[in-house]
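Labels run A, B and C following the written order; every chain starts at residue 1.
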Amino acid sequence: MSSTTASPTHKKPSLTQDERVGKKSTLSILLGRPEIGALVGAVALFIFFAIVAPVFLSPASLATVLYGASTIGIMAVGVSLLMIGGEFDLSTGVAVISSALSASLISWYFGLNVWVGIALALVVSLLIGFINGIILIKTKLPSFIVTLASFLMLTGLNLGLTRAIGGSVSSPSIADMEGFQSAKAVFASSVNIGGIDVKITVFIWLALVIIASWVLLQTKIGNWIFAIGGDEKAARAVGVPVVRTKIGLFMAVGFCGWVLGMHNLFAFDSVQSGEGIGNEFLYIIAAVIGGCLLTGGYGSAIGGAIGAFIFGMANKGIVYAEWNPDWFKFFLGLMLLLATVVNIVVKKRAESSK
Amino acid sequence: MNMKTRKNKKAEELLQKLEPKTNDNLLTLKGVGKHYGSIIALRGVDMEVDPGRVTCVLGDNGAGKSTLIKIIAGLHQHDEGEFTLHGSAIKLKSPRVALDAGIAAVYQDLAVVPLMPIWRNFFLGSELTTGVGPFKKLDVQRMKQITKQELADMGIDLRDVEQPIGQLSGGERQCVAIARAVYFGAKVLILDEPTAALGVKQSGVVLRYILQARDRGLGVIFITHNPHHAYPVGDSFLLLKRGRAIGYYSKSEITVEELTAQMAGGAELAELAHELEQLGGHDEELAEAEAGAGPQVAR
Amino acid sequence: MGKPTWRKLAITLAIIPALGLAACSSTGGRAPEPESSAGGGAVAATDRIKVAVITHAAPGDTFWDIIRKGAEEAAAKDNVDLQYLSDPDGGRQSQLIEQAIDQGVDGIAVTLAKPDAMAGALKKATDAGIPIVSLNAGEDRFKDIGAFAHFGSNEQLAGQAAGEKLKDSGIKKPICVIQEQGHVGLEARCAGVKKVVPGTEILYVQGTDMTQVESTATAKLQADKQADAIIGLGAPFTMTLIKAKATANSKVEVASFDMNSQLVQEITKGNVLFTVDQQPWLQGYMAVDALWQNHRGGFTIGGGQATLTGPAIVDKTVAEKITSFAEEGVR
């Protein structure tokens, strides 16, 4: 990060560190990060469950918690970026299933190698994102309406096409087809670390978080994402390609949906066409708990990951602690509320002292 | 990347076409007009912008000021008259094209993205990168240093370029936007009501930076509805009313009082003063209030 | 997106199918000529009548698919013009009934998951002289709302049957996995199991997300070392529980409710002890057929009592016999 390979023609600025700033303490840098509220919450929750349910701390349990978190977290990566860009997507939950169904039905119906189905499913997923984006741009409708419409349409397509093609409401099993085993190894295998099987989705998740963070903080595109979410008009006025960035974000969400869709397909051999409904809110919740502002312009990919981890811990922790799960949703709602309040306070502080 | 090189080539071609020809103004408008459907937003506007000079555009709300700057900044295209840049007629298709042609606009509300750090705002849309191909990353260190340097050159002394720009005062934010335009090679700088939302002190700060920019050889277009802000810094004054130019003066031709009276529409103002006098007001104070118009929001 | 991406997209779209031609799978996939599932046979010589089957099925549930197949097969045999409609929302389901009445159907088969919501609409049907049967849910209410017959399984009894079977296998602490919190039928199944095997514990999972079903079940198996069985309340969920068992390295037995072809295979292989089938195909078939019988000769079946289509226990001994039927989608 510190390697500045400045072009030789450029004058090296001679300003030294301003004495009024002094060395920023690690703490104050941390406090300025969007995900700090979530991080504190995550640590507190971890300690809490470690005390009430000691089995929570066993490596195998942690692997399970991470797996539960990863299947939310993979989507939360894309959804976080999109929310920083000032939009959100209600079609993500069913889009995951659309992708899985595409891969499975295409391979099954035409008797193709499974990998061909996977590639076409990627095209389908990116296309869904692209269409969401282009409709949003062309109609200037709020993303709430546009993606609500695509959510309903995809739900219908999932059910209708699956029955029309496969003759049943769940996709036919493709476990005996060529390419299935290698695809399963890529999307739905486990990696043995010190005797503990960790699902591959955990690594895919982490990789996506790292890539997304890098893009957000270290590239132009990241700068543009923050800008279009923070103030779209200002961004347009200084020449940021708003249309391309927004459509790109929706396609990135589509890509994440494809990754998770493929995991769903190869972990369970067949997919139920009615699945996925309601999950879009979990992804949004993860992003919001992780410090992404609903109004855009603020947040981080790591925050979304921490949000997903909190979700995973709360969801599985209640099972480990053997509590009555009736309260889980209440608990989740409370987390969401607290996180949002923390975010508002942070935003106020960032914008204030004019 | 493909796209990028293409865009740069386009900009170069454009600039070549726009090579300065002698005796021409930097930017001229002749009889420029614009209508939205049946509504005429602007017509018959003439003006010139020259390097090292400040052209003020004055007018009340709805006079057509914003339409005019949107045409110059490439957000809208004129459909009447002639717009020439370096002597060649031109129609700007987008803000990007305008920027590439050296026209930068600083808007009152949308100059910056409040939640982003100062340095990110400074380079927004024109980020510096290092590396090749998909591994191109932002040259954060250099961008921070340049931001600090450029702001210092403009006389803006900031503690920390990493703080969100929203934390700066209104005047300081305008200044960052001006410094940004100057750094990125703007030849024409459009300032849209930079002082409208500012208090007296902050307005003074901004006016000083307008002169800074002028002294650096930029042609400045300063849009305001406050003659008292325009007069001290302006070299020529274009007055707009209901989409028409009602006067175009150089500084020597007009006094601040005349400017005020012209702007408020002399007779109308006298009538209003009379009316208010009958209600128990004082006409000098009224004139003062008119002159210092604009919301004096203390921030 | 800019033009280059458009072009890339177009190229990708063009290349992939081409690739596909060269990448056919030699195994699996769609059978070249799918057999027609509706039995051949002669069609009844009665007039064509119109029957509406109105259920509370949520879209995309395999279970209801089987009911629908049964209803369609009966309709084909009995010269019935069948309308299959469903809505999980009680209010909207009753609107579907009213629409059917408006259309002048000759019979209505309805599920009574929310009998009170249906009562008003069904009153209109009985007033209009339209015969009604109920299916799947509504065993204790079907007479009140004017249906002359009911075809279904008793969830509590099904649960008890599973409980007995588990008890016979020496299970003392099973985990009953409910995929939809607050679902009356599913809760009744687990309650039935618990009545016979008091050590039963209930685990709630989010049925709309299989990955969460797997990870939550894994967590439970890791946490609860005393558990000796895990019960899925639907075939696809049971399939996922088998995976969770492997992930958690657990030795628990697996049992299930309902059926699909993969589950039958697992039972044949011995990975699943048994499943409790309520024979949904029969529910759909019988409901339509009873309406036809009523039209044909004013017959009523069941003698005023509910006709039970289950529970039918399918274990290894039965499974092999019905494998082909499960593949066909009727079991």
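Rule of thumb we're sticking to: contacts are C-beta pairs under 8 Å (C-beta built on N, C-alpha and C of every residue); 3 or more make two chains touch, one makes a residue touch a chain.
Being a predicted model, the structure only gives us computed values, none of them experimental.
Per-pair counts of C-beta contacts peak for the chains A-C. Central chain (C-alpha centroid nearest the global protein C-alpha centroid): A. In terms of the distance between Cα centroids, subunit A is separated most widely from B. As a whole-number value, the distance joining the C-alpha centres of subunit A and subunit C reads 33 Å. For this pair, subunit A with subunit B, the centres built from the Cα atoms lie 41 Å apart. If you average the Cα atoms of subunit B and of subunit C, the two centres end up 68 Å apart. Looking at subunit C, residues 2 sit in touch with two or more other chains.
Listing the residues of subunit B that touch subunit A in their complex gives 73, 75, 95-96, 99, 105, 107, 109-116, 120, 123-127, 129-130, 136-142, 145-146, 148-149, 152, 159-160, 164, 166-170, 180, 299. Looking at the complex, you find that subunit A touches subunit C at residues 53, 55, 58, 60-61, 64-65, 67-68, 71, 93, 107-116, 119-120, 123, 126, 130, 155, 158-159, 162-163, 167-170, 172-180, 190, 197, 199, 201, 243-244, 247-248, 260, 263-264, 267-279, 282, 312, 315-316, 319-320, 322, 325-326, 328. Of all residues in subunit A, those touching subunit B in their complex are 1-6, 10, 12-15, 18, 20-21, 214, 217-220, 222-224, 226-227, 230-231, 233-240, 297-298, 347, 350-354.
Put simply, subunit C touches subunit A in their complex at residues 1-2, 9, 12-13, 16-17, 19-20, 23-30, 34, 58-62, 64-65, 181, 203-204, 208-212, 214-216, 218-220, 222-224, 236, 239-240, 243, 247-249, 260, 262, 329.
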